[in-house]
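Below, chain A partners chain B and then partners chain C, in two separate complexes.
This part shows the complex of A and B:
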């Protein structure tokens, strides 16, 4: 979900969404209980091969996984501290491999195809008054606004550096939260202007 | 496109509105029957609040708002389909990651099934000569292209009125002129807020708002000339003092 949809169509775009999502689910289930280092290395290698097969644009998107890095470092450090570097490497490789493959699914599946595949699973939610379409809307909005929120952070950082010559870091957190809330206010207004979010009783 | 030929109008009758303890609209009465209407005024004069009354984003504290036969107080839910709204910043308006989904959303809001919506959305893109945009991620569009996408997504709902809140502010000149030309050709009634005063030259009527009241209302040349004088006077009054502070 970190990354974005790829504009140019690839062979993976043509695969049905249910197949990609199903394969991803099975793969995740298979590798979760395993803790063999060679298997995890193979998993990461497979992910890299997958990106290479998707083309140069996809490979470029790997850079967008950078925000995951601190998490992986902490995870590895934790295992190192508890005296098992091998298990640390297994965990890091497993997460990285699965996230990359999941990301590849996101990059090659349009939101509406994705929701078509998932909506049957969401249908029971209607019993609790939650419209499946509202969930679909939520997911789509998340994907849409992640790059925008990154851009917001970059803009704040730039403004800070322009006046101080230093990176803003944690000091930007408060203004960032405020700006994010303001953005969500604007978006809520625009959504209301088009008739609001779908409700369970509408359809 | 089936735009209701209802010439009746937009009617505001004694509308008063406060926001955050400040009166932003003070007893406004307006009958807007013309096809092309401009709304001008300084920042904070109440322009944005006024147009937000037209599609139910705001409700008046007192007075009545009627848009093409719909009483805003009685059927607020009917307004979003009657009045298309274009915001200043397209990034606030576009909800979906790809172009086709953004347009299809409007159609699903209007009650189409997903399949119908997708087909009609493709048709709408083709009508605007942008069929190749369908699968593009919206973040890859330029500002002008995003603004056009917003307009296409609103037009598919076939509103009777199109309201635009400073749509030109981040556009370069050629893009702005293109957008002006597109707006000029629309069958809808248009209410446009802009600070680019020459955009109104072919308009039927311009309303100038000042501190929540109508300062002047009439043909574009006269109203805009008066507004330019007002701008010059405010600057002159601030002479000697900090000009920016005087104009703020």
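This part shows the complex of A and C:
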């Protein structure tokens, strides 16, 4: 996995997460209704300056935007086709600028800091008996499960290949679902045996 | 609710969130005419069909939360807050509702055969509910008219229909092999 996060600390790492997230929210609300070409060019320029100020590692992360490019090309083509190239340029520049700035927030904020920053937003979940700490636990569990799932799939695939000489492909999905359910039951038992997931205080 | 049921629900939610993530990391395959299918939206349908409305929606929401926190788990290795400002933001934000509706239908049709009800649930949740939001999002963020945005999204419908068929086949096989694994009906 290629994470966006920059391990090398920069000045932006020192800013509190809530400040960065708040600034991003305000910026996105400000630029979304605008459709002036100079403003969007300034936005993209600001994003590029921000990356340059974060250092060479940050500039290299721009390459991670590549999956977005085909979508933007299609978007621009649609605008061109309906005869408004200017609006197309505005839309593409706006998306590119705001995505880059949002990525910069992710690049300079550790996952646990981000979790702490959004904890107040999760507090209403206590009404349903879900503690914010349980959410943090589930995020951690989920991320731990991803490589486990790949290992499980690989094991099924190898067994299938040993029997038939072909790749399993989608045929493995059903046994896979059953295996993962077994896995989740074991984890749930282990979790319950260790005192269970954090509970919301409902006093 | 006794203690272990609660833990079991939480772990299943985390597990399905991880399955959705894993599907996004798998290499994509292509339909004839070069229409790409990523398996991720199949994960959304699957979560709803397998877990039922609330747990399915929670699994999808948890997945999106991890993405927003910076895990590069979306198809193509994307992640971070940036993806919620990209052209497909409308689809992403509707995913939990999509899984919820699929799960609700699956629960509502519990007395019917698994294969057709799972297919119906996946199509309604994963296409009929999802596309209006996705199209509106693309129109809003991309500055396209609704009709143009709809045209741009239509090429994905054949792929999503294939995914709904696969989801139905999986649900049926699981229901046969280990009925209690189909939690939406347990």
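Throughout what follows, the second predicted complex is superposed on the first by the 123 of 203 C-alpha atoms of A that agree within 3 Å, B and C clash if a C-alpha of one lies under 4 Å from a C-alpha of the other, contacts with A are read in each partner's own complex, and residues count from 1 in each chain.
Operating definition for what follows: contacts are C-beta pairs under 8 Å (C-beta built on N, C-alpha and C of every residue); 3 or more make two chains touch, one makes a residue touch a chain.
A quick note: this is a predicted structure, and the numbers were derived from the prediction, not measured.
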item	value
Which of chain B and chain C A:68 touches, first, second, both or neither	second
Touched partner set for A:183, first chain B, second chain C, both or neither	both
First, second, both or neither for A:191, with chain B first and chain C second	both
First (chain B), second (chain C), both or neither touched by A:116	first
First (chain B), second (chain C), both or neither touched by A:52	neither
First (chain B), second (chain C), both or neither touched by A:143	both
Partner chain(s) touched by A:91 [first = chain B, second = chain C, both, neither]	second
First, second, both or neither for A:24, with chain B first and chain C second	second
Contact breadth on chain A, by residue count: chain C or chain B	C
Common ground on chain A, meaning residues reached by chain C in one complex and by chain B in the other	4-5, 111, 137, 141, 143, 148, 183, 187, 189, 191-192, 196
Residues of chain B that touch chain A when the two form their complex	55-57, 77, 80-81, 85, 87, 89, 91-98, 100-101, 104-106, 108-110, 114, 118, 135-140, 153-154, 157
Chain C-facing residues of chain A, complex	1-5, 21, 24, 28, 32, 35, 64, 67-68, 71-72, 74-75, 78-79, 82, 87-88, 90-91, 94-95, 98-103, 105-107, 109, 111, 114-115, 118, 134-135, 137-139, 141-143, 145-146, 148-150, 153, 170, 173-175, 177-178, 180-181, 183-185, 187-189, 191-192, 196-197
Touching residues on chain C, where the partner in the complex is chain A	3-4, 6-8, 10-15, 17-19, 21-22, 25, 50, 62-63, 65-66, 68-73, 75-88, 138, 140-145, 148, 151-152, 166, 169-170, 173-174, 177-178, 181
Residue numbers on chain A that touch chain B, as the complex places them	4-5, 7, 9, 110-112, 116, 133, 137, 140-141, 143-144, 147-148, 183, 186-187, 189-196, 198
